[in-house]
Structure formats: C-alpha cells, structure tokens
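Both complexes below contain subunit A, partnered by subunit B and then by subunit C.
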Partner chain A sequence: MTDQSAVLADVRRGMIPAHIYNDQEIFTLEKERIFSRAWVFVAHESEIARAGDYVVRRVLDDSFIVTRDEAGEIRAHFNMCLHRGMQVCRAEMGNASHFRCPYHGWSYRNDGRIVGLPFHQDAYGGEAGFKRKGQRLLPAPNLDSHNGMIFISLDPDALPLRDFLGDFAFYLDYYTKQSPSGIEMRGPQRWRVKANWKIGAENFAGDMYHTPQTHTSVVEIGLFREPKAEKRKDGCTYWAGNGGGTTYKLPDGDLEERLSYVGYPQEMIERMKTSWSAEQCRVIGQDGFMISAASVFPNLSFVHNWPRVADSDDVLPFISVRQWQPISENETEILSWFAVDAEAPEEFKALSYKAYLMCFGSTGMFEQDDVENWVSLTNTAAGSMARRLRLNSRMGILADDTEVIPALTAEQFAGPGSAHVGYSEYNQRELLARWADHLERPVTAAAALHVGTTGVGEDRRAIATRNGADASDDPPALEHVPSEDAAEVTGA
Partner chain B sequence: MSSSRENREQVTTQTHSSRSVLGAHASRIQRLGSTLPFGDERHLAAHQWLVDEAYLLDAQAYEAWLDLLTEDIHYLMPVRVTTALGAGFDTSPGMAHFDEDKYSLSRRVARFLTEHAWTEDPPSRLRHHLSNVRTFATPDEEHLIVESATMLFRNRGDVRESSFISAGREDLLRRGPMPDGSGWQLARRTIMVDESVMRMQNLAIFL
Partner chain C sequence: MAVAKADFEACQGYANCVMAAPTVYDIDDDGTVVLLKEQISEEERSKVEEAVKSCPVSALSIEDE
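Let's look at the complex of A and B:
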C-alpha cells in the first residue's frame, strides 16, 4: 500500500490533497482504520420503542439487527447466521420475538440466543457435536447510547461513548434533549449520491461560508430569513471533543425571546429551561448564539433551522439527524431522519416535520443544491490533476497560524471547546485532523470467533459465548426499563 | 366542492393521504367499481390529462403545472421500507419524501424559477414515461380516480450516469377549473416509489 504520510502531513497543515475525496486506496484505509474502531451511530431508541421492535442498519459492509429484546434491553446482532452465514433478517424494520434463518431454519431469539437448530441430534449428534447452548448471533463488539442515540463500535476496546463524544455532548443536548423525554426520530429517508462521505460531514461541521452562495435561492423565495451573507458571518463555529458545528447570531433578547424568535412555543421553552444547564441556556440567552448544523466524527451530522412553512412571517424550527454512510470512495448513502422533542405539542410536531421536508432530506430545498456541489467535487477529484492540487483549507488563520479573528472568550461564549465568529475552516480542519490520526494508526487484527466448537485461537468473548450467557460475560447491551406494551410478534 | 356524498365518504374512508402526517385536509373520495372501459370518455379524458401533464413536467414548465393543481391538493410520496411479508405495512411510519400542500409546492416551483437554483443549472434532461393507465368512477360525477405507472429518466451533464425512478401513482382528478366545468385538476396524488433507497441525487423533480 502507498505510504500516505505525506497526505496526512498536508492535511494537518490545512492543505488538502484533492484526491482524498475520490481515492480507492484512501477509502480502503478509512474502512479499516476509521470505521472499524470509531463509534458509529445506528439508531435512536425511539425507533425501537417496544419490545421486539427492530431496525436493520449497517456500518459500511456489516449489517446489524438493532433490536429491543423481550427484557427491554437494546442489542445489536451481526446479521449473519451462525450456520452458513446467511443474512438472518432481510427486512429493514419490524417487530419480531424471533429471527429464523431462511436457509436451513436455525432460529434466534431477539436477544440473539439460538433457540432452534433443526435435527440437532441427527445432524450433529447433539451437544457433543455442536454446542448450541449459549450460542448467540455475534453481538456488535461495543454498544452504547447517549440521549437515546445508539452507537456501535467494531472495536471491543473502544473508549466509552461518552468519552468519545467528549464536550460535544454539551451541544448534542440542544438537538436531542429539549425535554426530559428527549426526541423521537422518524425515517430515515435513504438515498445514494455519487459523492465522497467526508464532504457532507465537513460541510455540516463548519461551512458557514457556503450558505450565502449555495442557498441563495431559498432566501429569494422567502423560505428562510437568516442566511444573508452579512448575517451568517456574525454567527460562530465551535469545536468541542469529537464534534463541532455552526451557529447563527440572533437579535437582541433573552433566552425566552430568542427561543421564541426561532419559533418555539412557550411550553417547549419552559421544558428547555429545566432540561439545559445554566451554561447551555447562557449560550443562547446571553451570548446570543443559536445552534444550526453540526457533525460528530466520523459521519454523523445534525441540522437545526427555522424556515417559514406557510404564507406568514412565522417560522418553525426543525431538527434533522443524518448519517453519511460510505459506500465507496465516490458514493455515499445518506440517511436523513426527522427528529422532534417527544413532549412537543402534536401541531408543532406536524409543522416541524413540514419544515424539515421543505428544507432538508431527499426533497429538501437546501439539500438539493448542496448535493449537486458535492457530486461535482467528487467527480473532479478522481483524476491525475487532482493529485497535484493541495486545496487551501486554512480559512480563519494566517500564514503563521495566528487567528484572523481571535477565539471567543469564556465571557463571550459559555460553551466548552473553542469558538470563533466569522467565516473559517477551523471545524473542517478539526474533523480532518481526527481523520488523519485514525488513518495513521494501524489496527490490530480482531480475534476470530469459532461457532459451536472448542477451536484454537478463540478469544475470551467467544469462550464466554460458548459457555452460556452468564451475567459477567453477557455481550454488550443497554439496560432498559421494559416497555409497557406487550410485544406483538409478527415474525421476520 | 364537497357534495353530501363526499362528506359521508370522508367520515368512513381512509386514504394514504388521510394516514399521512400532513394530509388531513385532503379529499377522501375513493374509487367505485372496476376499471372503466378504455373507450369510455372519462378514461380518455383522464389519460390525456396525464399525458399532457407528463409533457409539462419534462419541460419543467412548473408554473403551468401548478395551475393544474387544486387549492386543496395533497401531494404525497411515502418512503418505502422493506418489511417482512405479513408485517402489515411497507411505508415508513410518519415519514415521506413529499407530503405537500399547495403552499409548499408553490415554494418548490418558485425556487426553480429563481436564477440561483444551482441543482438545475444546467438543467436535467427529463423524460416521464407513462403507462398502465386505468380510470375509475367515484361516487360523484365531479371526480375520477386514475392509476398509472411512471418511469422518470433523468440525465445531468455530459458523462454522468443517468438515473431512474419507477413509481406507481394514484390520482384524484376533479372537474374544473373552467367556469363551464370543463377541464380537470389534480386534487390528490399518492406516489408509490419502487425503491426504498433512492438512486437519484435529489428529488428536485416532480412525479
């Protein structure tokens, strides 16, 4: 494999070799060194609210059944039959107490345990030949959640999710904890675009500079009153922990006035005031910054905007969560969810959903123009000329790395991390610096797991699995208050 | 525009629109009986309406297209999901690609008419292929239900791969808008796309 150290060095000084947006070798490295160890978002708990609910989600090539078992625990099973490797569940979502493999009929409880193995005695000589007891679908090596957002990591030794998120968790609350009940998520809309996955993640992380140009048309039609060029640069970008985002500077007012300015009804504002810390309230109420787009490394993004949804001056805020799922070096599957505070009034939920559809997602008017840019960029990055080009991603800093505009002080911005007013590419650099750190660090080969036998070279987890699921060796799962509804079993 | 017959229908019937998040306002009129004969005047009128509409959409003549829609139009394109046989649903609950009223459609059209809708500059080449048209009577003379299949071919630029969308549609046509009662307008459309993961970069198009 080509030595990429020169590429990583360029990226670290904010000079981007243009070919990283369409390079097969780079993509192979990304698969191995980013997506086999970073925490990757798979689902929100509200998508699998009842026992037996499941969604099937991928981490690149690996398919996982993300389900709530009968005890209310959330699990992620690798979607491959332990027998000959058939895909166990071929639906995208549903409710099931068991999954039966269509090939030879092995069946698994929704907690992953194998319960049916046709002709176990005749074919294998029973337990003596194949140890069925304690076998379960391969669990995701690591599983954790924050504010109901479920992530998995393919690295059994991954840092705890909360440590991975770091101080970005402060900002995550604006999107996912507007009340004690958190959000409910609907969707996703899924579609594939011929664009490299990093471009969207970088754009959402910090590209306030594109708004006045790319999104001119949505301002012209009166959909959005904010992104006038001079307005956008009054906002700040912030980076904290493993994520960062953009904000708008709101007109004068206190917390309530500003939340109301973007369209939140009073009863929701009251819940936000009790759900957020003093500092979280201060960022909006005193400092005057309202969060907008954001990204968490590597490929999860958020949007919060407030368009007009009817022929009036009122605006309505919406939240969207999205994932840039890499398909190849030049193709990305976008998964775009609508998210809304679970305690919001029904009328608000409906109008917020309307705002989402008009702005983002497969039909969104902001989104339409973004994607066109990213597809063209990816296409142009494939050739040999792109290999000569080092794109300047140093906006916001001078040649000697000093800041064009100094960072906001703690008095000016109450949030953690570092924040800068104005157009800059601090966040794109932060995101790609993490990208470079991951690509530089080789991964150790994962231990093999042997099904139904005492093979040589099994790791501890495999043995634990074989010996049965006693408490200490239970695979990663999220403890849960069992849901009140009884499971309705439809089969899968 | 609602007869007492329609009101009765509204109480009792469910449509894709009535089950969607933003379609409560939509007419709930449904089909009556089996397919009208292909020689029936009503079928001929409905078929011609769809063909004329397809030409407008190919030409991106969206202002003219907007005039074909009633004020209470509900334009719905659910998100399809793969579910087990017998699951009882195959669309994503509470989510859609389009869940539009006249206002939101008019904003989409207005955007295309600005000079800064980059995604369509240069414009796509579009061809809406239309087939499998069948027409049904409804409880009143003012409405027809028309089903059709559509295949949209879209090409952008010179060397980019083309993309397709295949979908089935169910339309509710209402008599009008001419004062003498001639002509037809679209009052409700449900677009059942045949993919759960779309292969088109965006839906800056109409079906």
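Let's look at the complex of A and C:
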C-alpha cells in the first residue's frame, strides 16, 4: 500500500491533495480505518418504536438488521445467515418476531437467537455435530444510542458513544431534544450521487461560504430570507468534540422572540425552554446564534432551516438528518430523514414536512444546487492533474496559523468548543483532521467467530456466544424503554 | 374448543410453525417444538391452521373437542 503520510501531513496543514476526493486507494483505507472503527449512525429509536419493528441499514458493505426485540431491547444483527451466509432479511423495514433465511430455511428470533434449524438431528447428528444452543446472528460489536439516535461501531473496543460525540452532544440537543419526548424521524429517502462522501460532510459541517453563490436562485425567488452573503458571515461556526456546524445570527430579541422569529409556535418554545440547559438557551436567547447545518465525524449531518412558506412573510422551521453512505471513491448514497419534535402539534408537523421537502430530500432545491458542484468536483479529482494540486482549505487563518478574526469569547458564545464568526473553514479542517487521525492508525484484525463448532482456532467471543444469555459478554443491546404502545407480534 | 397437538418425535425443528403462529408454538433448546398453549381461541385459529399446513413433516394438528 502506498505511504499516505505526505497526504495526511498536507491535510493537517489545511492543504488538501485534490485527489483524496476520488482515489481508490484512499477509499480502501477509509473503509478499513474509519468505517470499521468510528461510531456510525444507523437508525432512530422512533423508526423501530414497537416490539418486532426493524430496519435494515448498512455500514458500508455490512448489512445490519436493527430491531427492537420482543423484550423491547434494541439490537443490531449482522444480516448474514450462520449457515451459508445468505442475507437473512431482504426487506428494508417491517415488523417481524422471527427472520427466516430464504436459502435453506434456518430461522432466528428477533433477538438474534437461532430458532429453526431443519433436520438438526438427521443432518448434523444433533448437538454432537452442530452446537445449536446459544447460536445467534452476529451482533454488531458495539451498539449505543444518544437522544434516541442509534449508532453502531464495528470496533468492540470503541470508546463509549457519549465520549465519541464529546461536547457536540450540547448542539445535538437543538436538533433531537426540543421536548422530553425527543424527535420522531420519517424516511429515509435514499438516492445515489456520483460524488465522494466527504464533500457533503464537509459542506454541512461548515461551508457557509457557498450559500450566497450556489443557492443564489433560492434566495432570488424569495424562498429563504437568510442566506444573503452578509448574513452568513455574521453567523458563527462552532466545533466541539467530534462534530461542528454553522449558525445564523438572528435579529435582536430574547429567546422566545428568536425562536418565534424562525417560526416555532409558543407551545413548542415552552417545551424547549424546559428541555435545554441555561447555556443552551443562552446561545440563542442572549448570544443570538441559531443553529443551522452540522456534521458529526465521519458521515452524519443535520439541517435546521426556516424557509418562507406560501406567499406570506411567515417562515417555518424544519429539521433533517442525513447520512453520506460511501459506495465507492466516487459514489455516495444519501439517506435523508425528516425529523420533528414528537410533541409538536400535528399541524406543525405537516407544514414542517412540506418545508423540508421543498428544500432538501431528493427533490429539494438546495439539494439540486449542491449536488451539481459535488459531482463535478469528484470527476475532476480523478485525473492526474488533481494529484499535483493542493487545495487551500485555510480560510480564516493566516500563514502563521493566527486567526483572521479571533474566536468568540465565553461572554460572546455560551456553547462548548470553539466558535468563530466570519467566513472560515475551521470546521472542514477539524473534520479532515479526524479523518487523517483515523487513516494514520492501523487497525488490529478482529477475532473470528466460528459457527456451531468446538475446537481449533476458536476465540473467546465465540465461546461466550455459545453459552448464550448467561455469558458474561452478552451481545450489546439497548435497555428496554417502556413505550405507550402495546407490543404487537406479527409474523414476517 | 380447538386444541393444538404436536408429535414431538416427528418434529424436525423447521420452525415454520413459529413463524406462522408465534403465540402458540416455540422451539426449545433441543430444537423441538413446544406448545405455548393448547387451547386455541377463535382469533388464533387461522394462524394455527396455517402453521399446521406449513409443517414440512406434518407434525402438527388441530383437534376440535
């Protein structure tokens, strides 16, 4: 494998070798060193609200059944049959108490345990030949959730999710905890674009600079009153923990006035006031910054915007969650969800959904504008000339790394991390610095799991798995959260 | 009243029955069918009939008593 240390060193200086946006070797390394290690978002708990609900989601090439089992625990099973490796569940979402492999008919309970193994006695001589007891679909090595957002990591030794998010959790609440009930998510819409996955993640993390240019038409038709050039530089970007984002500076007012300025009804504002900490309220109410787009390393992004609806001056806010799922070095599958406070009035939910569809999702106007650029960039990055080019991603800092505009002080910005007003690429650099850190660190090979056998080469996890439920390292699952709805069991 | 019956010797652990009527059938650790209940309500009856039909080794039956 090519030594990439020069590439990583350039990236850390904020000088980006253009070919990293379309380079097969880099992509191979990203697969191995980022996506087999980092926490990757797979679903929101509201998508699998009832026992038996499941969605099938991927971490690159690995398919997982993310399900709520009969006991209410959330689990992620590697979607590969223990027999000959067929994909066990081929639907994208549904409700099932059991999953049956279409190939030879082995079946599994929704907690992953094997249930049906046809002719176990005749074919294997029973337990003597194939240890059926305690066998289960391979669990995701690590599973955790925060504000209902379920993440998995393929690294059994991954840091706890909360530590991975770090202080970004402060900002995550604006999107996912506007009331004690949190959000509900709809979707996702799913489509593919011929662009490298990093471009979208960087753009949402901190590219306030593209808005006036790329999205001119949206501003011209009066859909959005905010992204005028001068307005974007008044907002700040912040980076905290493993994520960061952009904000808009709102006109004078207090917390209530500003939340109402972006279109929230009074009853929702009341709930936000009690759900957020004093500092979280201060960022909006006193400092005057309203969160907009954000990204969490490696490939999860958020949007909060408030476009004009109908012909009035009224605006309506919406939230969207999206994932940049890498397909190859030059193709990305975008998953885009609509998110809304579960306690919001029904009318608000409906209008907010419309606002979302107008702006984002496969038909959204912002989406169309953005993707044009990203596809073209990716194409151009494939050639030999791109290998000579180091893109300057140093906006906001001088040659000696001092800031063009000093960071906001704690008096100016109550949130954690570091924040800057003005045009800058702090967040793109932060994101790529994490990218470089991951690419630099080799991964240790994961232990193998042997199905149904005792003997040579067997490792600790396999033994624990065979011992089933009482094993000390029971597969990662999330505690049962009691839900209002009665658990309903239906066949697949 | 309909009653679910199973021939535990004949069962080959396919779990077709569990897929069809999970409230009535399960499979134990040895891979053999278990009757979670014997008395079948009217609502359950169609699912149980489906389970009976789906068993590849005809180990299940339903009897009216």
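Criterion: the second predicted complex is superposed on the first by the 479 of 492 C-alpha atoms of A that agree within 3 Å, B and C clash if a C-alpha of one lies under 4 Å from a C-alpha of the other, contacts with A are read in each partner's own complex, and residues count from 1 in each chain.
Operating definition for what follows: a residue touches a chain if its C-beta (ideal position, glycine included) is under 8 Å from a C-beta of that chain, and two chains touch if they have at least 3 such contacts.
This one's a predicted model, so the numbers in the text were calculated from it and none came from an experiment.
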Which superposed partner A:E92 touches (first subunit B, second subunit C, both, neither): first
Which of subunit B and subunit C A:T246 touches, first, second, both or neither: neither
First, second, both or neither for A:S292, with subunit B first and subunit C second: neither
Touching partner for A:G361 - first (subunit B), second (subunit C), both, neither: first
Partner chain in contact with A:S107 - subunit B first, subunit C second, else both or neither: second
First (subunit B), second (subunit C), both or neither touched by A:Q325: neither
Subunit B versus subunit C as contact partner of A:E333, first or second or both or neither: first
Which of subunit B and subunit C A:V115 touches, first, second, both or neither: second
On subunit A, the residue positions that both subunit B and subunit C contact, one per complex: 491-492
Complex contact set, residues of subunit A against subunit B: 90-96, 186-195, 214, 216-218, 220-223, 309-311, 333, 338, 350, 353-354, 357-358, 361-363, 365, 367-369, 371-373, 375, 379, 490-492
Subunit C residues within the subunit A interface of the complex: 12-16, 18-23, 26-27, 29-31, 47, 56
Complex contacts: residues of subunit B adjacent to subunit A: 21-22, 77, 79, 81-84, 86-88, 92-100, 103-104, 107-108, 110-111, 114, 116-119, 160-161, 196-204
In the complex with subunit C, residue positions of subunit A that touch it: 97-98, 100, 105, 107, 115-122, 126-127, 132-133, 489, 491-492
